[in-house]
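Each of the two complexes below includes chain A, the first together with chain B, the second together with chain C.
On to the complex of A and B.
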């Protein structure tokens, strides 16, 4: 009896310990993000105060007003243009990567063709190469082609960064869908194309949504390549725009934090909107017997 | 009219021949079962009829049309798949009506025909459920409903019952038979289960290694197997096969036991020919406990190794000429292992196969 009580107590302790540890890890992970968000709503002086002031004493939207050029105190940073550039580049590259990913993923999952294994391995190896290692050759080629500081230049880079991953992810989803469903649809009167759109595509939708979110976030957040390939408001994206807040002798932390919040919010909203698909998509393989 | 003709149909995967030029004629409204062990080419043959596999050689005709190069949708066939292949994102009504919708049928007509098919198969209360909310048997019925709703020329069934438990399989087997009697369509049905083949088929096609081993009515194939393969594949428990030699006007088993040559086969064998004696468990029983006591017979004494009582009959494992032999005991009598009994073989139902080719000596 005592032994049972003791073992229950030790179990409870263990659980409490694990919960505390998880909480601590979560705090460590969340603090920088939280600090950025808090700092977006307070003046520079408070951000730099020592000892640190955690809770904003005078919460304000001034930082946001400033970077959008509203109010008296203005910062000459075209956040609106950066935002539009980011949006156009991320959405276009995601759409293209998804189209290629869907076609490629389907082909890898459903067709037998010469060199299939080699090409797939090649795509995966390409994923293993850090993007920044390609920055110099990409810069030289892009400058020869005259697409430095254009949206097109970045879109091509992001499509090629995202395609291997979207193909890999979508291939996995199509593999999970029994081939007999497409065959049943063809016997039922569909062309192969109709069978794809009416049967296989709706079933792989979760996976395609997951791949889309990943591709979008990669393009939306990417900094290293964008900082090399963009120059002006015609193509600079939000993460690159953050650098505009650093001058030779000063850094406008408050403005930078406000802009960081502007970068984070759309990504959060998107993830929130598709979270159902995302979870279904990422656990799809696990739930099928 | 939808006869199906297979004319020297070949299937190759790369250099590997899977189906070796089979010929088969299936009549209008006939129920034909392709049966055989895994890898015998039966499913591949069915899929070639469906248009889901390319045909490497020969001709497939449905009615008067050669369909070799027609896609599945132009063959006017329906197919029930082993895993049912119901569309998971559609409810039962949508699953049933999908083919009609694709064909551009008017909504009112779709509703009417779906309701009719649902009525035939008892699916009416399930029409708004999704496949995930159905039991195995219900899914099976939806798959059949999807097949009949389009009123195709030909039904194809690819091992449709193999995912069901034994009891449900029996029920669904009866439903398929009833369905065929109602809708009278040409059916090609693939299974590895000889019981399904026997109970459903108008004609059985036994396949092995990409070739047709025998075609015939279930009773014809059961009573007159052309090869030892068919003899052991059709019938449960399988036919006992005992190596023997024709010697001194009798069939002499390996241990010297002499069994008279069955009368109807006596002119088919000659002295010294090496043969295999085939006799079904039903035709070898303890004296007085067999199916028939008439006709020519031979008695041998054997020791019971194991007895499995099955109610009105028992399956007895015994040994003859060094080989395990299964026998049937009919009527209530308990048998103990170690008991020595006199068994009677019904010779008019015994078979002789050539020892080399495995072919029935009747075929010579």
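On to the complex of A and C.
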């Protein structure tokens, strides 16, 4: 009797230990990211302090004020316009990629047609072309067309970057919706177009939103192509702008950390909002035949 | 009736925008870069675009020591990081799968590194591995584990390690999340049957859990194969191929030859080699994924 109670207690203890260990592991995994975030709120002296100061003693927003040019000593890096460029380019390319992806994903999920598998594989393989390898010919062609260093040039590239993956995800979400729903609507007098907008689209909406977030993050975070196709404040994005700091003679670590926070926060919020759908989309879209 | 009014044309019409943009931004430039790779094009001399040199760029690559070193290093780098990511991801997924309390929170925390753009990851570890002010050296010194400043990003081998570390940190979650999703989707019956039949934990894992997880691992591999070239961002920020080319990967080499040395013809030839490598890699895992999917479909 006591033996089973004992073993149950040791089992519970083991379980608690395992949970604690896992949580500890995850926290350790987050330390590198947290360190940068924390450093954004420190004065430079504290960043350079030895031994390290883990928790900011005098949290400050000075670093942010400085990179936006609001402080007393200004940093000559136009973070404000980089931010706007990033936002405009990422949002526009996401919207276009979603429209194209919805049409394409629907075609893959709902129709049988010749060359289906080949076209799908072809789209994926196009996506596999390394950014820097693609940037060489695109750079030459875009400069001949005069769209180097414009937002338009980058938006076009990002749409093509996002279309294959958007199609993959959206295809998966449409497959999860039973075909009979749309058929029933059509029996009741809807056209296929109406059935799509009234039945299938609302059901797949959250999945499509997840695909949109994925596309947005890809554009928001992209560097290899942007670093070659942009030149000035009219089109430079945040990831490219981050390198401005290292180009200077002394690296402004505090400023860079603040800029890192500006890049990470929107990504963080968006991913948390759709993480459940993202995981479902990645697995179901890929596994269910 | 014209083709585009027929019912059978609908899927092609729906796919038309996708195919059009891919043709414009990927297929056409790839054909153009194939052409360029047979010319001696230099950015500073625009008319050299029509300067046909045949296979000279390719034969130069074949003899180029730097190129093959970078090539070998890239293959080594990918082999190491992908295997480490898979094993760590599997470990984390198995661990989280056994936890009952706070599982959802853990899964959310686990996604944290995935949100970082590669350029940020590079910057972050450049900051941490900095020999003077980096937290790694700072912590090692404060704990008394090392007295001097370790030159993480200056020594060739350590720099390679640091870059691999950054890459693993960024992408392990992809494996962990997809494998965890696989564990969640796993049916209970075969596990219990194995227990009844007297399998031990290792046997159960080896013969039931692992085969079931493999399609999920292939999804992760296929997804990763699409973005392995993002390591370019990390290397550019952390070492920019240095010290003395010790961390030069194929992608940084292409950028250096094409943009810094403005030898576009040669760079395009190199880019073609790296593109074919990437495509083979993706194709391989896509095939594996399809095969595993068919196998699972048959088994269920």
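General remarks:
Going forward, the second predicted complex is superposed on the first by the 243 of 289 C-alpha atoms of A that agree within 3 Å, B and C clash if a C-alpha of one lies under 4 Å from a C-alpha of the other, contacts with A are read in each partner's own complex, and residues count from 1 in each chain.
FYI, contacts are C-beta pairs under 8 Å (C-beta built on N, C-alpha and C of every residue); 3 or more make two chains touch, one makes a residue touch a chain.
These numbers come from a predicted model, not from an experiment.
After superposition onto chain A, the modelled positions of chain B and chain C are compatible, with room for both.
In the superposition on chain A, contact is made by A:191 with chain B only, not with chain C. In the superposition on chain A, contact is made by A:199 with chain B only, not with chain C.
When both complexes are overlaid on chain A, the residue A:183 reaches chain B alone and has no touch with chain C. Contacts of A:263 after superposition: chain C is touched, whereas chain B is not reached. Of the two partner chains, neither chain B nor chain C is touched by A:210.
In the superposition on chain A, A:156 contacts chain C only, with no contact to chain B. In the superposition on chain A, the chain among chain B and chain C reaching more residues of chain A is C. By the document's definition of touching, neither partner reaches A:40: not chain B, not chain C. Here the apex is the CA centre of chain A, and the angle it makes with the centres of chain B and chain C after alignment on chain A is 90°, in steps of 10. Here's the short version: in the overlay, chain B gets within 9 Å of chain C at its closest Cα pair.
Overlaid on A, the two complexes show chain B and chain C touching no common residue of chain A. Every residue of chain B that touches chain A in the complex is listed here, in rising order: 50-52, 71-73, 77-79, 81-83, 85-89, 98-99, 102-103, 146, 150. Against chain A, the residues of chain C that register as touching in their complex are 8, 10-12, 14-15, 17-19, 21-22, 24-30, 32-33, 36, 41, 49, 92, 95-96, 98-102, 106-120, 123-125, 127-128, 133, 135, 138-139, 141-142, 169, 177-178, 181-182, 185, 215-216, 219, 222-223, 225-226, 228-230, 232-233, 236-237, 251-252, 254-255, 258-259, 264, 267-268, 271-272, 274-275, 278-279, 281-283, 286, 289, 293-294, 296-297. Partner chain B is touched in their complex by these residues of chain A: 178, 180-181, 183-191, 194, 198-199, 202-203. Against chain C, the residues of chain A that register as touching in their complex are 15, 18-19, 21-23, 25-27, 29-30, 32-33, 35-36, 39, 47-48, 50-52, 99-101, 103-104, 106-108, 111, 113, 116, 119, 121, 123-134, 136-138, 140-141, 156-157, 159-160, 163-165, 167, 217, 220-224, 227-228, 239, 242-243, 246, 253, 256-257, 260, 263-264, 267-268, 271-272, 275, 279-280, 282-283, 286-287, 289.
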